[in-house]
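Look for chain A in each of the two complexes below; its partner is chain B in the first and chain C in the second.
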Partner chain A sequence: MATLNHLKIVFTGTPGAGKTTAIGALSDTPPVVTDVRNTDASLGKENTTVGLDFGQVDLGDGQFVRLFGTPGQLRFEFMWQIIATDALGLVILIDNSRPNPLDDLAIYLDAYKDLLPTMSCAVGIGRTIECPLPTVDDFCDMLAARGLLFPVLAVDVRKREDVLTLVDTVLVQAEMRL
Partner chain B sequence: MISPSSTVPSDRRELKLLVQNLTDADLAKAAAFLRIGRERLKFDWKIVYSGELDVLMLGSDEAQTVRGMVDDPVATLRVVDAHAAGAETSSHLVRPLEYERFIEMLSGVERRVAATPAAAPAATPVSSKPSLNTTPPAPAPPPAVVLPPAARFRLRRWPPLALLQGYRYHPRLASFLSARHLDLDELARLSNVGKEECQEFLLALMKGEVLDVELAGARRPEPPPTPPPVSTAGTTSPRRPVSSSPAIDRGLLSKIRLSLGLTWRR
Partner chain C sequence: MSSVPTFLSQQARQVAQSLLTAIEGTRAVVVATADGFDLVQVGYSGVEASRLAAMVSSFAALGDAASRESGLGTPRCLVIDSTDGRLMVRCMQVRDHAIIVVVVTDKTALLGLVWNHLAAAEKAMNAE
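On to the complex of A and B.
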């Protein structure tokens, strides 16, 4: 159960979607990252996360919201649901410049399908300016086809305001479930 | 001075932005923003200096008499310095002008204009002669969408991007509406967004056919939070929904927002 002293928001999604960056944008302390030099050429980036990213937001009085980033690669799927269980919310980040972004989202929706019915969740689509297709509305259609209704927003995780907007939509859902 | 915008002929309705006492820099920016933002705007905007107008954009506190102005503008936007009194109010644009804010405000005007039935054409004089015009009368315009009184609303699906781009708080409002049915007052109170803006957004969602409308008298009780299904992963035990935790309440969520700098004002 999520309790006062163990609040967490989990960032998950494809490699390179910006989970580490998003956590860094919100965390009060420099995020703890577990990046290593990437050896998977298909990811197209120098470093990639192999453990958890971690940051936190200090609420005062010894309370914190902990921010976790899951490793994005599919081989770490076994960790995804474990990390997200009991979270206050889940943010799924998708990199629209990857070959099949809709398929990518489907992987995460499947991986979290046990949690999603009761979880506050938002989907952030990155690099929509460089790669406008599929459109954000295509992702919404996909969610609707699965009977899911979550915020889907185009984001640039380098902008703190974009990350905040995503998190705010998660908090709103949590509030409405009280 | 920048000459009034020349516009490429289009099928889109034209709105006029009458500028007054703007600095050259403000005017140049406004003109550039209109060019860049054309795709995001639904109407063609034209900068004018006199005559009829839809929006008055002022670089000073008081509007001067506008030659040829007949009706009041739909909105008046004041451009002020950041430290000026009232710089935070919704009708003010702060220098240096910012693209997003400028386009947001014009989008808001567009929604208001779109939600208002088009002005009736001037009455034609009654003729004693029978009309020779055999053209069938034009079909009546579709009735304006209005919010049913005391109705409650909930999203059927997440709205298309076009309905969310107008204001930065639209995703927030949509999030509230994604969770359960809310009436206009509840939406405004919970979201801390002005009732007028909430109403405009609801109207846009209704027109976009993504809103489930529950009429007064036909209200169904909201279903209780869905219990989570038993995990099939084997690594997790059945859990209660986060919402059931007594440790999380609105005060705590407010605290999180405050710590993150997520503050909203009407």
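On to the complex of A and C.
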């Protein structure tokens, strides 16, 4: 079980949404990556994560956050559950340039539906400048339709402050649950 | 869907079939891409190749990360020794392509023999 000075937050979400980049942007130590060459032309990227990503960040006052990233593809769903065990919170990253971002979010909400009632969560939407639709409000409406109330933020995961905001959002929710 | 060259799929099938035949106690052989797509499955049909391919690609990548972290270089083989048999996983580089060969055996298969056959298979694939 996570304690509040040794926290575990999991980054999940669509392939190419920037989970590895986000952890790399925030981690104080060189992240552990398990990227291999991608052979799926539909993804349009050279490498893809098949195991997990890991990094950690010192929040000060003796608080460390361990950051874990999942593979994005559905065929790695078994890893989603393994990695999320004992996590304090979940960050779901969505790539708004994909064909159906709302459907993408639904996949991860379904996958984690048993954990979400007791887990803090934030949703980060990437590439919103190039692809403004669906809007952040559309994602909020979708969550509300499922009876879920999580912060949804437009983010650029290459920016450390954006990733930190997502993590902070998760931590604030966790503190409120105490 | 994975896009790998035809020659690689053909070689993978030949290798999988020869491993199944050559190693006593082998139940199945699965060849996968490093990013978790199954290329070939031979042997016991109870093994779901697509799921096993994704799983072994994950722990091959984790093995690689742990090996690098420990300063041990690139891993060649991972073994899962279970109550009813073993999974022997060989990470291979065939020309420019990283593939993973998984041999599923019962308890009678000799570990060293499987190891040797896998090493020979990698050599043969690169020699063709």
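Convention: the second predicted complex is superposed on the first by the 167 of 178 C-alpha atoms of A that agree within 3 Å, B and C clash if a C-alpha of one lies under 4 Å from a C-alpha of the other, contacts with A are read in each partner's own complex, and residues count from 1 in each chain.
Methods note: contacts are C-beta pairs under 8 Å (C-beta built on N, C-alpha and C of every residue); 3 or more make two chains touch, one makes a residue touch a chain.
Values in this document were obtained by computation on a predicted structure and should not be read as measured data.
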Partners on chain A (chain B, chain C) - clash or fit: fit
Touched partner set for A:R37, first chain B, second chain C, both or neither: second
Spatial angle chain C-chain A-chain B, Cα centroids [nearest 10 degrees]: 170
Touched partner set for A:D103, first chain B, second chain C, both or neither: neither
Of chain B and chain C, the chain that contacts the larger number of chain A residues: B
Contacts of A:F76 with chain B and chain C, given as first, second, both or neither: second
First (chain B), second (chain C), both or neither touched by A:M176: first
Nearest-approach distance, in Å, of chain C Cα atoms to those of chain B in the combined model: 15
Residues of chain A that lie at the interface with chain B and also at the interface with chain C: 78
Touching residues on chain A, where the partner in the complex is chain C: 32-42, 48-52, 71, 73, 75-76, 78-79
Chain A residues within the chain B interface of the complex: 1-4, 7, 26, 28, 57-60, 63, 65, 78, 81-82, 85-88, 114-115, 117-120, 122, 135-137, 140, 143-144, 149-154, 164-165, 167-169, 171-178
Of chain B, residues touching chain A in the complex: 155-161, 164, 168, 171-172, 174-176, 178-180, 190-191, 225-233, 235-236, 239-245, 247-250, 252-253, 255-257, 259-262
Contact footprint of chain A on chain C as seen in their complex: 1-4, 33-37, 50-51, 54-55, 57-62, 64-65, 69, 98
